[in-house]
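To keep things clear, I will list the structure first and then write my remarks on it.
In this document, chain identifiers A, B, C and D correspond to the written order of the chains, with residue numbering beginning at 1 in each.
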Amino acid sequence: MDHIDIEVVADPDLTDPVFIEGLPGVGHVGKLVAEHLVEEFDGDLVRRVYTTDFPPQVTVDDDGVADLTHAAFHHVDAGGRDLLVLTGDHQAASNEGHYELTTAFLDVAEEFGCERAFALGGVPTGELIEDDEYDVLGARTEDTDREELEAAGVEFRENEPAGGIVGVSGLVLGLGARRGLPAACLMGETSGYLVDPKSAQAVLEVLQTLLDFEVDFSDLEERAEEMEEVVGKIQEMQGGGGGMPSDDELRYIG
Amino acid sequence: MDHIDIEVVADPDLTDPVFIEGLPGVGHVGKLVAEHLVEEFDGDLVRRVYTTDFPPQVTVDDDGVADLTHAAFHHVDAGGRDLLVLTGDHQAASNEGHYELTTAFLDVAEEFGCERAFALGGVPTGELIEDDEYDVLGARTEDTDREELEAAGVEFRENEPAGGIVGVSGLVLGLGARRGLPAACLMGETSGYLVDPKSAQAVLEVLQTLLDFEVDFSDLEERAEEMEEVVGKIQEMQGGGGGMPSDDELRYIG
Amino acid sequence: MDHIDIEVVADPDLTDPVFIEGLPGVGHVGKLVAEHLVEEFDGDLVRRVYTTDFPPQVTVDDDGVADLTHAAFHHVDAGGRDLLVLTGDHQAASNEGHYELTTAFLDVAEEFGCERAFALGGVPTGELIEDDEYDVLGARTEDTDREELEAAGVEFRENEPAGGIVGVSGLVLGLGARRGLPAACLMGETSGYLVDPKSAQAVLEVLQTLLDFEVDFSDLEERAEEMEEVVGKIQEMQGGGGGMPSDDELRYIG
Amino acid sequence: MDHIDIEVVADPDLTDPVFIEGLPGVGHVGKLVAEHLVEEFDGDLVRRVYTTDFPPQVTVDDDGVADLTHAAFHHVDAGGRDLLVLTGDHQAASNEGHYELTTAFLDVAEEFGCERAFALGGVPTGELIEDDEYDVLGARTEDTDREELEAAGVEFRENEPAGGIVGVSGLVLGLGARRGLPAACLMGETSGYLVDPKSAQAVLEVLQTLLDFEVDFSDLEERAEEMEEVVGKIQEMQGGGGGMPSDDELRYIG
């Protein structure tokens, strides 16, 4: 096996496809959005990306069959709008691996003719989001249209995100810019402590407006209700205090 | 020395050999099984595999002679059934090393004509196994026969093993599938806290049925009795409680 | 992207340029000096250096535009004296990366014709510097003139810096010597706990004398006053004691 | 600079030279012996070995001159007996680095015609050695003469050293054996908590017998007295108890 090994599963012709990256990260926001798109629109697997920088690991499905860890590209037909959606269970394990892997991802996007990219993620606020006001922060390459993003509800704030954007999402912008691929990062506000389907929904709403498609949210809403029950129980255990849950209670990410 | 360096010690012709992997892991189950096979059937060393991904270390034998850390393949004639048994003292030290090393191992297995592989290990339950009911969980590549495995006593359970299979055993399946080698992973249930000869025996019994050989268990049973004494003393020290021993008391693995 | 990727932004002809390295380190002394030179003399960006050894990260500017982590060379015309000033947000992440990156930096310096180098940094004293007596310690390659450095106020002390010089600054001397580039390291004394504009000023004063230029200090003085307020508050919180602040209180570096 | 870069300083013809390795390790025993030989016999520097696997670091001498971290080979004429002595301030930083570096060291030894090697080190006992009874444990490649070593005072004990031999010393034997270089490891017993000149002297005495030379011990004895004062003070602070000093009190190694 090569250091990075791209398996061609299908090679459909896509029309003006948009590359959507949703690997695991803060609140699993990007991953939730990407998986929701693949599931709701019954996406077709087109590429598997294996790399020796991922953990040496297989998952086991319900029939006992082992599946080697990989990232996957799906073609999603979002009501006539072609999306190339990337998701998976891991980021790279090293600095160098992040650069190499994102380069491979961008190569695939380019091969399919994507001329626009969205990197999806969460931005941690450190406290539970109240009143369902999930803002979506943005960052972009210079050749994207800030006004178009703002019109779709994306906020740009000075000095945010404070630590920059780390991981594959950051590099989709950083390396995308260097190869002339207009890219934007959409980051849903989230506590940073929990898998956050509501933040994912906020990001999806922005994406709908930007790319002019519609998707059913009921699955995400269901998952959001489950998470609210979890949060409710935690708050009860803490005597009703609405503060930040302790680290131990909040190990739900994953 | 190359990154991976395979020393040819002997080159016997094997008949329909089966590749058995038993490197260190949970409860040292796989290693116990592999070493038991080599000892009971007086296996012949055929390959040493050195790699710069192993610790820079020599072991010293009773005559004071230093031996550079390596993994070893033995040819085991299990009463007419040819086995190619891999064991050693280390897994790889890096993600990339795991992939490279497992690829080298599968190359050796292929070179000897193995058309079937078993990766052996333990699956941690977090508590001591009671009443000697050591189940053996399975995972497999798509082209292996689930029914045959189940008939030999292997259980397939939904969502188990929960975290997938990590390390060389996982990759024997994951990389094996990619090169068309039918492989199964046999995982003996074990507490995860102790070297577990009983779990090893359970795995061996499955292997006997599957590969139609018979092996004497008395050495494993002896080691099991020794371990029971250890567990007994620990429980005494805890006032007879049958619960999970503390981490400090149970550092027997290794 | 290559492992190290040098982007040519401009290619001015420089006259007897001097290479100045100011990457992050103890008290951010070197970085403060380098950035001050670039800002005061309105330096021109000439090279961006990207490497897969930097974190996979973009920073986001006030217009929401993402910028891939890099180190930058600026041409600074310090009143007729050409300087080639290197600064950035990161050191390398690995031993090997430090060697490779410093080699790339020295290649750029050589390409511009630099025949002299200064590596700037701080040397930690472990306590707050009193009475504004910020000494500047020196180290050098054999072919630099110790007397000239001493005449400009640089001190050479036996067994200091005790732990040698680590990181890119150390290698500018170590690798510089091996390729025949006369280099000196100027290390401002600093507590090691705080970003230290006063120590940076002390280093700048030495550099002015050595290279015969003059720069306005008011920005550094302003930053120094801000830091003094921080220190004042910390000392108040400690009941006026002038001792070493605790680790928790002093996490201002960065 | 290459990954490993060997600088030729001098190229004397040596007669039946013996390779002596003394890099830092337990109790700095090996390093003390190697440095003692170089100093007492006024050894000549013949090779510097640089590697990107060493820390990116320079040391600074009393004249302020920076020296890039390296390992050094000296030719030592021990009263007619030619030794090729390797010492330095660092082991490698990675598994792979250890293998590569030791290979480079053995290449140099071979180039000078060494047909015998001694790797020097300490073996930790976990308690202070009483009554100056510093045993020297041995390990060897198969083609060295155990009896000769034992006659010189080396002890071979079953299951010792328990954890094998780690680092460059281990690989001098492990890789030495693979290339046909007879090698022995001499390990002075030492607490493992302190730089131990007495253990170094014990190793040196063995080496004298084996290689038929004589060296003055007064410098080592002086350093041993200094260390005894340190130990005495620690024991006082502990109320005269002769037990194992605490970790905090004993960070003298290095």
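Please note the rule applied: a residue touches a chain if its C-beta (ideal position, glycine included) is under 8 Å from a C-beta of that chain, and two chains touch if they have at least 3 such contacts.
The structure presented is a predicted model; accordingly, all values stated were derived computationally and were not measured.
**Student:** State the chain with the largest centre-to-centre distance from chain A, centres being mean CA positions.
**Tutor:** Centroid comparison gives D as the farthest chain from chain A.
**Student:** Where chain A and chain B touch, do the two copies share over half of their residue numbers, giving same, or under half, giving different?
**Tutor:** Mostly different residues form this interface, as fewer than half of the numbers used are common to both chains.
**Student:** Fit chain C to chain D on CA atoms, both being copies of the same sequence, and give the resulting rotation angle in degrees, nearest 5.
**Tutor:** 90
**Student:** Rounded to a whole Å, what is the gap between the Cα centroids of chain B and chain D?
**Tutor:** 38
**Student:** Between chain A and chain D, what is the separation of their C-alpha centroids in Å?
**Tutor:** Each chain reduced to its C-alpha mean, chain A and chain D end up 53 Å apart.
**Student:** If I count partner chains per residue in chain D, which residues reach a count of at least 2?
**Tutor:** Answer for chain D, listing residues that touch two or more other chains: there are none.
**Student:** If each chain is a node and each touching pair an edge, is that a line, ring, star, complete or other?
**Tutor:** ring
**Student:** Between which chains does touch occur?
**Tutor:** Those chain pairs which touch are A-B, A-C, B-D, C-D.
**Student:** Write out the stretch or stretches of chain B touching chain D in their complex.
**Tutor:** My answer: residues 1, 3, 52-60, 62-69, 93.
**Student:** Name, in rising order, each residue of chain C that touches chain D in their complex.
**Tutor:** Interface residues on the chain C side: 92, 95-96, 98-100, 102-103, 138-142, 146, 156, 158-161, 164-168, 170-171, 173-175, 177-178, 185.
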